[in-house]
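Okay, handing you the structure first.
Here the chain labels run A, B, C and D in written order, and each chain numbers its own residues starting at 1.
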Amino acid sequence: MNSTGRVFRVSLFGESHGEAIGVTIDGCPPGLPLATEDFNADLGRRRAGKAGTTPRVEEDLPDIVSGLFNGHTTGAPLTILFRNMNVRSGDYADLRETPRPGHSDFVAYKRFMGFNDYRGGGHFSGRLTLCLVAAGVVAKKVLSTVTIEAKLISAGGSSDIEKSVAAALEDGDSVGGLVECRATGIPVGWGEPFFDSVESVIAHMAFAIPAIKGIEFGSGFAAASMRGSSHNDPIVDDTGKTASNNAGGISGGLTNGNELVFRIAVKPTSSISVKQNTYSIKTGKVEELKVKGRHDACIALRVPVVLEAITAISLADLKLLAGNRL
Amino acid sequence: MNSTGRVFRVSLFGESHGEAIGVTIDGCPPGLPLATEDFNADLGRRRAGKAGTTPRVEEDLPDIVSGLFNGHTTGAPLTILFRNMNVRSGDYADLRETPRPGHSDFVAYKRFMGFNDYRGGGHFSGRLTLCLVAAGVVAKKVLSTVTIEAKLISAGGSSDIEKSVAAALEDGDSVGGLVECRATGIPVGWGEPFFDSVESVIAHMAFAIPAIKGIEFGSGFAAASMRGSSHNDPIVDDTGKTASNNAGGISGGLTNGNELVFRIAVKPTSSISVKQNTYSIKTGKVEELKVKGRHDACIALRVPVVLEAITAISLADLKLLAGNRL
Amino acid sequence: MNSTGRVFRVSLFGESHGEAIGVTIDGCPPGLPLATEDFNADLGRRRAGKAGTTPRVEEDLPDIVSGLFNGHTTGAPLTILFRNMNVRSGDYADLRETPRPGHSDFVAYKRFMGFNDYRGGGHFSGRLTLCLVAAGVVAKKVLSTVTIEAKLISAGGSSDIEKSVAAALEDGDSVGGLVECRATGIPVGWGEPFFDSVESVIAHMAFAIPAIKGIEFGSGFAAASMRGSSHNDPIVDDTGKTASNNAGGISGGLTNGNELVFRIAVKPTSSISVKQNTYSIKTGKVEELKVKGRHDACIALRVPVVLEAITAISLADLKLLAGNRL
Amino acid sequence: MNSTGRVFRVSLFGESHGEAIGVTIDGCPPGLPLATEDFNADLGRRRAGKAGTTPRVEEDLPDIVSGLFNGHTTGAPLTILFRNMNVRSGDYADLRETPRPGHSDFVAYKRFMGFNDYRGGGHFSGRLTLCLVAAGVVAKKVLSTVTIEAKLISAGGSSDIEKSVAAALEDGDSVGGLVECRATGIPVGWGEPFFDSVESVIAHMAFAIPAIKGIEFGSGFAAASMRGSSHNDPIVDDTGKTASNNAGGISGGLTNGNELVFRIAVKPTSSISVKQNTYSIKTGKVEELKVKGRHDACIALRVPVVLEAITAISLADLKLLAGNRL
């Protein structure tokens, strides 16, 4: 489904090379001050143009077509559009029947019986994360007391990220990365037992971002090697503060008053200039493929602001749900 | 929310030491043959009693109170009850105001304003995974062509699992583990763009299982260190088969016709006999705590069948949703 | 789907002659005082045994198996079971292939491919309204300030209801009725634009009650013959009070601070002793049928408390949703 | 919520005098042929300009910004925009604090704490039914075998509709109406027990249309005066065909193979030129009000195509859900 959230409900639409992409937020509280300028910082952080990111640069000006009046949200659905301008669909024309390895091309063709808009990955494109970032800007306003910060902590296995990316670029190749997200200022008790634990909700959203292969909270995979006596976080006061934070700020699926900490693994960009083999739907044989188009050498470079956005969207919904009963 | 799934919809209820726990499956297709005996194998695998698992052993006989008639599912909601018999609530009485580190005690107290049933973790208890296993038995029947198998591949960082567990037991401590799940026989195209990718849906369910700290699909966290040229899986035929399987059987969030592979990190059991510090709600001070009750030294031992269950539940829903449009 | 509501979420299960029927309330606020005795009054009002109602009388003692601890709701799912005791399934055995006119027998057989539990209407039975009444008792506690009262205002077209029912009984026939519901104490602003207007939510629930054929709010069908100058209700003060109440307490789909008023039409009970024709699935011909079993001559007699229940359930959900943002 | 449907999911956004209104259909099957011209007929039927309808005429050209490629639906969300062009917001400026009787002005002000876009009713405006009609055009394509037809059968209590409307117009007043909808070609078994009966789903949608005060299926309110022996519809063949159709094509909440028949009551337009009293938020007193702006004397004239649309949307969802299990 292209919607997520129970009361702060975010819906996406659009294809990479269609007329427009967009996002609707239903259940947005009324009275939040909001202006087009508020989107500049986060959209700018997501924007390509730096070394290691695609040369396709879009201005991506948000067009708020509903839910805003006199500079405040109205409580009616807030819809934000982004027109697709800088489109070179010709680049993709011959890919329809030559599915690119690592991409959705093949599965999309099968699932949608060949009717999917295949240009630039269509509805599966990472371009739709632009809508997530826009929704995240609004979600952050709902979370006034919460500060969220994500950053790329390694690429290609190295903390010298620039060097890793430059090396991949030189080879016409791409490289993966590790992104960490931390959020402070969250009170005790957000999260909805049994199925909508904080981990469940954030992981659900995180894996909607193309290229994410793993997620871990607090001690994460290291916990599999630990003992309880060193993993348990002793509670030290009435606010729930703990002496250590192996839990990553979550106990029993609910926020526990400590810093929320999690990390995601981003795979290397699937589009590379290096030659690859793939099955051709047209010829029925394995053929050699060289992907054209403009791409990112390290998509992880652009992920942090998207990860902040999905975190904010997730938490905004959980905040409103918790407020409901407390 | 205590429900999950869109058309194959699973809802849980019950507390660890209450009268009963149970599960309702709404949207279960009519005509599936089903008998009480069908639950024996999976419930047996989850059952405690082995070295490293809690001495609290329940017979856990499923009582199917609705949705079954003449040995087949009727298409009406299928509800399965498990009475809680072997309960020693006295063990927990003094824990109400002494929240155990690593447990939900503190956050549950805050979120539910002290009205939560705290005995044995109440609604947050791992005992509710019994209901997931029962729902999984039904889900596996919906997935007739699919084979799902999960196993514990390491504990305490070692593949000699028995030795790790025995050592922890000897120290009155606990130990974490790593569980891998593989599923074969899944056709191309299950999963729902944009938000309900296969990874999203499975991760959502996996993090509802208490004690899970991380999940990774295919190459997982290793992908963060890889290059695209080695990570991309070349497609080799019209069924979508790929030469390698770094994607773990998922492309663009949809199943791609290859084996589904993922791993989860299970933290060490929070209840340990070793003394710990925690904040006492009663005294307002940090006090020393020794957790009583009967517990697992390595909860990961009992996780594989639960992981199979949540995988089956997730895939059953995605199968029915995909069938809807194909 | 067998669930309704977004945050106060009610799910039904069970068949008329199965082991048990039941209801789960997910999202029930913690801390509501609740005891088995609280159900007596409403369950008693629904109970059969009066002239014009079926001789099948069940004690219908609610068994609260989860979500209750120390006399209060815990905030975890509240599940209430009713065992089916007074069952005479033999009465229905030959109806499997002789679908009764006015009943769900034929459509249930087709939709569920013959696997449905046909005894006594199975999952389609009016007996499931027992679960609605039980959920209504809890919902009324959520709505502390609101008073809801429904009553039968005519049967067979006459306000002398006893006489209409007695006459139908004498003829082995049945008769329909009109039920009116009024609720006071509702503040301005409950209801969720655009689709979840108060009328939408209540009508949705009302038409889940078997035998309901129509619903009208305020002036209702009379409005189709009126002019705006006499239909509009002048607002007279800051609480939203209006001089007349043609709107039935709802403006723009939201409660407007006035009394909520609506009426429903209940069809005559489909099961009658009078001979009828129907198509036999077995013989492939139209056959004469005389419905056996124990039935109500005027099911509308038992509807008021059910209507109050669905109104309470609907309003409880809308209250919690509105509270969310106000 | 501004979304409806479980698998064919329709979401609305926009305010009457904002930049645009629109609708997103998520879960639209891929491969449906669709062109802008396909909307002409139904949008034309809804359009104003005839005697008794508002002089505000909009061209209302649909702008399909996503989900369409090479003349077919792609399976990705289909979003259709309508720009608001012919807006005279000045007409409404002084109404902010003088809520019009019969309108949502007062409740919207309270619920959204004064942040709602009050111009022309904002998000509560009947203008949003334009989006429903557009979604209905797509839904009708999903329902290839089904024919739906709605018509106004009386206005102001008379079947001489033109005369009723002309008389109201002459008096600066408005008049209500009765609209009947019939649908043929629906197979047995659509509808989802227990809560999502066909009546529940259609009524839910119908009451989202502003100005609807009542709905009845088949015999409807007349059933309250009838006896079972005359109300029951004898089944005559294996397709479920019945000799009469008091059920209106629905048994046990599921379609029964006969014509679907229902009627709705439309209240007279709330905006009238006749002077009315209302409470002024500004002065705190009851004041005389004369509503300016351009309005319909009989909004029921424009309802039939909207009613067809909500019927098609409801049935499309139920068809896809039923297909899921049959």
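Worth a mention:
The rule is short, and it goes like this: a contact is a pair of C-beta atoms (placed from the backbone, for glycine too) under 8 Å apart; a residue touches a chain by one contact, two chains touch by 3 or more.
If you're wondering where the values come from, they're calculated on a predicted model, not measured in any experiment.
Farthest from subunit D in terms of Cα centroid separation is B.
When the C-beta pairs in contact are tallied for B-D and for A-D, the bigger tally goes to A-D. Centre-to-centre separation of subunit B and subunit D, using mean CA positions: 44 Å. Centres computed as Cα averages put subunit A at a distance of 37 Å from subunit D.
Looking at subunit D, residues 1-3, 6, 12, 27, 30, 75-76, 111, 113, 123, 193, 325 sit in touch with two or more other chains. Of all the residues in subunit D, the ones that touch subunit A in their complex are 1-3, 9, 11-15, 18-22, 24, 26-27, 30-31, 63-70, 72-79, 81, 111-113, 115-117, 122-123. Against subunit C, in their complex, subunit D makes its touches with residues 1-4, 6, 12, 99, 101-108, 110-111, 113, 121, 123-124, 128, 154-157, 168, 171, 173-178, 188-189, 191-197, 199-201, 203-208, 210, 212-229, 231-238, 240, 242-243, 246-248, 251-256, 265-272, 274, 276-279, 281, 284, 286, 300, 322, 325-326. Against subunit A, the residues of subunit C that register as touching in their complex are 6-7, 27, 29-30, 75-76, 193, 320-321, 323-325.
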